[in-house]
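Each chain carries a letter (A, B, C and D) given by its place in the written order, and its residues are counted from 1.
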């Protein structure tokens, strides 16, 4: 065996390997606040139901509060031999107060304890993330208000299709983020259920009060089935799924920022803060933050894939496989939080190049649809016929190398005799966007109404 | 070019390739009902707002109703050259009624039309799936009621940990399915928003009434931003995510059925219907359906991965990439529906081997925790000390090759002098499960209460 | 039960469900050629080793050849009740020739038969795909040759960094495709192993000659372990992985084509064949094929995810889960084949806008690096100092709103006194690309050398 | 802004956010050896080609060697403001030796430098992993040799199908690992290409010698296209794919170990080292290491998903998105290395329960196939007829509650008159496995031959 190649990291042999693969304290120490809160709630309940004495309870809760301070002040020595956060804290508690510590573990188990800690943690994550989503929405709404009348090309297939307003475009992301917000809150309902008291897997014969611990920890209610309570990691996967979709939205906006900040588009200028330059090309401005945000969906969704694979085909109840629930989730949530913060900073700082946007909006006969709609509306042409006439007029403009507006009324009438000068009202990009006042349409008036609605919602 | 190898399927050259990659009619014809319903609602609204005449509207809606019948009766010739369901129906409509057909497309576009169709379709899928989830819950609750007192081993790490009741185990899946049910309904809220009237991307200058079409189609309300309305495919990804988590639950139960039906476990016997035999080994019973259900999470989650990749970094608004939203989703939803049906059938038909389960539950000193709890409760020992004493007593039983129940009181007192004969009450598996009456615990009494609660919920 | 909701598709109840979930003939009939080839090889071997008579063999192989013709001419009735391709063909054979058919299944099993069929199929797929990869390389090399001197911006962060040649850019994809080519061939080595003769899982006591069947079917050798032979689906996953990476390459080029065909970039014009227009905006050209290719990586990689999930944690040997290996793989391989064909067509047809590309290449002081390199090379400045001087000169040009070339020698000397007029030789984009002659560099001379090398390789 | 909620971690505002999202030194410091080796090779080449002086080269290489020692001895202060490993080392070099340091960056860029470092790193990873794979193969072959005659049930669908030898089962994993080994080596060919000298993206006008640096760093050759050289991350994805497939194999064996160590199966006993016990149930032995290995495929494959998503649709050349290539890959490779080490340790330590395995192998008429084969071979029955006769005999045994061996010859002849006592030779599990001597079959003789072949291969 001695000459066996374990790989250099494992020179110490099997015991070191097992410790490395088995111990979770390296990452689950993040749970110290949740673990201590859970233990205090459990102790209070054990005392209230007479399972432990009031003195023991007081001794336990006071010592736990002290331990929390120790950890916060970096005075706590985490031991890898004690494997996880639960054993580290339990052991420290025993050293501090002896016997009563040994009573704390009555009617609970590491299985329900870790599930409780993780749910409390993910609930905090959700509360942080929905706050950050709101912050990004606030930043977008503010810019949408400023850019309610700014005209830009509306793209399909990344080709100019119709003129729209920049404010309307920014509000599209506010809508997406609103779905993210509510998706997280819907997940929160399923997170916020207390596993505490499920014990190892079967419940307990002690007369515990699970409503009480649930209430003290802010849970909506206790889980109704002990086997499910210790086996369930849906709440991790569902929250990761909400995070992935949110990251997807950010990736779309990030892609737009990367494209818009090319010299070819020139629609935006990112601030120095969120871009990097070149020591020899001072005009160069690499959209690093946008690119990184675009990429981050990879690891966030990767964490969801990982956890789905872990849970596939896992028999009830707790299996050690489930210990894989934490590291990927931590990284994914941290990453989304960072991405939201960076995107909010970029939105605050970005400069929009209005003239360039408006110029691009007018190119490519982008008001051809307006012309067709005018023909339908005014001359009562069937839609498909109006399309045909419009195509001929656009071809005429193309031949004359001019815009639709620059054609004379006679030129237009050469295609369709009934066209009147009133048609010019719809051919400019400004008129075009102003006319699209249907609910949800791009008109500046609509943008301002939506901005007001959002300001009211986001003030809350 | 003629000697270029396109691969045999593409002998016909570039035009055939483009048609193959571009046309969607092969799969989006599934939408014919939704497409026609959307068109009828749109026509009604166009007439109500005076955009088209009542006569035109009547002509359009009557013809669309006829077309629907034609399709249902396989009398409709779908054309691949017309690319998709929208153009196929529009073209057939034009052939039937001429001019009025050409007016139907006023103030809408394929971009909002396809989004409308797909949302209507996914909403129907969700309604089907939640019904099937309820059916599976009903089947499980029925069996849980029958097996409320059946004792089986509760596993952690697939090792016997504590005795539990089979009814309790089955109800754990009812809980999981309940989360699935509500997850689908939460997704439904975000599905059920009407994109109709967003037009190509910018809204329209026609005085349309989006509330009216939304209402006629059963949508909660119209989408508030036209750019978002045609760019959003969250509803596909979120529904796929709910489907993946549900499939994960099924994979866990399927894995248990595979393991439980081995000769080594012998806990269950699957019916002939859901297993396959061997022509030469008549006793062999392969759990094919369970294995397939276990596997199906692969393609369901694979569809979610695919759609997430498609949407990553896609600029607004509609891009042709989005056409990839359908095939994977159709397959995933069909697959989950089939899996739910198969699992429901298996649960109905399965035979549980109660004696084998109870025998297994009693092996391995599975009531050691009960002994420890008794020591804590009765002798007021600290939990960790009680664990130590229990370990010694188990070791004694192991040495004597007997169960805990079979030890004499003297033998137990040799380890801990204060133990009284009352201890025997907790050492049998039956007493063990009966004692776990904490909320969510495994006691038959609890199982029956939960069964009643579920029966009431599922009757609705 | 009768009022149980199975979901409408399953009105017929459990038996219909089981048939639907269990039968594979709907998709594995694709294997008919492979299945028949495998059976012929097996029959030949059984006769050669004396296990069956020569007459039986002749009868079997002749009848199988007839069946193949029947299937090719759509005269074969596939039966879903017979589940799969193997039983369909075996049953038809029995009807044709009776007893000898019953001898064909000696010393084999469906487990090794399906593995054999699938390996033969995937080997054919690989051979098709590497041919298509070569075709795309040929198309790219041809265009690279034509565009060896075309100057375009080299991008980092989608910002103009340095001028490069379009030919060089196109050859970058030839390199990527070359890795794909070899990755598929490496996978082929592991595909091309014969499972035939592994029987159900344990081998057989018949004196079979596995070398002989392997050779007849073109396999490199028989698999060395029967348990592995029937349990292994690595070859599917590995081929899917090669396909995913190839699809990723195509998605990158597709993204470039989408961006390059915007009016803002205007670098390329896609042919009518591979884009779609608008009935009213004749100049609009949506890059549909490019967008679809960009998206296709979703489903291809999704299939890899699905199969990885299926195989995770599956005990030996054959489990029914493995039946999920086919549909996703078929779809993924078809999709990559179609994507390669479409991309080849687009590359053939595309028009490059050379003036626009060269103009863009010269913008943004893109030869600043050349200036810095000149300072290092000619004046022996340390690199970081040269960067500093260059930055000052660029700032000067920016202030004067001119290019680097347009600065006077005196202006440059005002920053660094030792600069000589020889510096102008490196400031134009043409000189810049011509100077980058290091191996792998962008100089037209290098491009032509690489084109020659590739022409030689691809002629083979 | 001051009252904006960034989330607590970002109280310091936008600059802190940008530093956090942008800096890579936290993880790319792993590359210090590779970065220094690359710089030394580059300096040597610059001197050899006369681009820098020999004195400068000597000064640079000596100082770099010192820096490496500093880092190895933890005397180096990494600065986050300097972003990455390249700038950290370059800056330290400048402080040490001034001007010559500034010359080192001639004719290279961070773009080719990071690609070089990462390829060197992944090459080292591959070399480590293939060594560990061999170690696990050695461990398996040793146990296979010991268990060449141990009889166990061969499973399909986790149901007993035919008896096999444990040695043969263990060798199935040796085969899988052999594919992993060669898959990694095939990937290594594509890893081992030098990007150094591609410079930022276009190559350089300095007369560099890329063959020389490639050779000094052990690369097979320089990359032929500079744009591809800085844009390519195939080598990461391909290596992750090889790692995922290997992890999948480990997950399958891990699943078997979990199932085999249940009391119901009782086939194996894991050592104390690789399992955890219970303080109160001393007989309990949780297979923690096996469960964790089973789960680890999640994060390894998750990293592949993440990187595939990152690269999807990324235009050439370097984009900051690519910075996401490292963390996931590091974690995945570390994880696979740890899993291989743990599995090797488990295989070394595991105890096989031979009597239990053999007993299980004999249950369920597992030699029915042998009987059918005997009928074919000896009585020349067609295979399907033999199946029918066998089924009747098995039914007879089942009725008599005896094994096939325990039936009398008369009983058998009552089903098929031509059966002779010679049939008994094939009815015992020992005879069954001994008879399966076809190439790749399970006979102990075959196992020993394969063991010898593997011992020779693995000695190398």
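In this section, a contact is a pair of C-beta atoms (placed from the backbone, for glycine too) under 8 Å apart; a residue touches a chain by one contact, two chains touch by 3 or more.
What you see is a predicted model, and the numbers here were worked out from it, not measured in a lab.
In terms of the stated touch criterion, the partners common to chain B and chain D are A, C, listed by label. One of A-B, B-D or A-D repeats the interface of C-D: more than half of the contact pairs, counted by residue number, are shared by A-B.
One finds 33 Å separating the Cα centroids of chain A and chain C.
Each chain gets a centre from the mean of its Cα atoms; for chain A and chain B, those two points are 24 Å apart. In chain D, the residues that reach two or more other chains under the touch definition are 156-158, 161, 259, 286-288, 291, 294, 297, 301, 305, 308-309, 312-313, 319-320, 369. For chain D in complex with chain B, the touching residues are 156-161, 258-259, 261-265, 278-288, 291, 305, 308-309, 312-313, 360, 363-366, 368-369, 371-372, 387-388, 390-391, 394-395, 398. Against chain A, the residues of chain B that register as touching in their complex are 94, 99-107, 111, 154-158, 161-164, 168-169, 171-176, 179, 182-183, 186, 189-190, 197-208, 210-211, 222-229, 231-232, 234, 237-238, 241, 244-245, 248, 251-252, 254-256, 259, 294, 297, 301, 305, 308, 311-320, 369-370, 373, 376-377, 382-385, 426, 433, 435-443, 446, 450. Taken in their complex, chain A has these residues touching chain D: 1, 4-10, 13-15, 17-18, 20-22, 128, 131-132, 134-135, 138, 258, 273-274, 276, 286-289, 291-299, 301-303, 305-310, 319-324, 327-328, 337-342, 344-345, 348-349.
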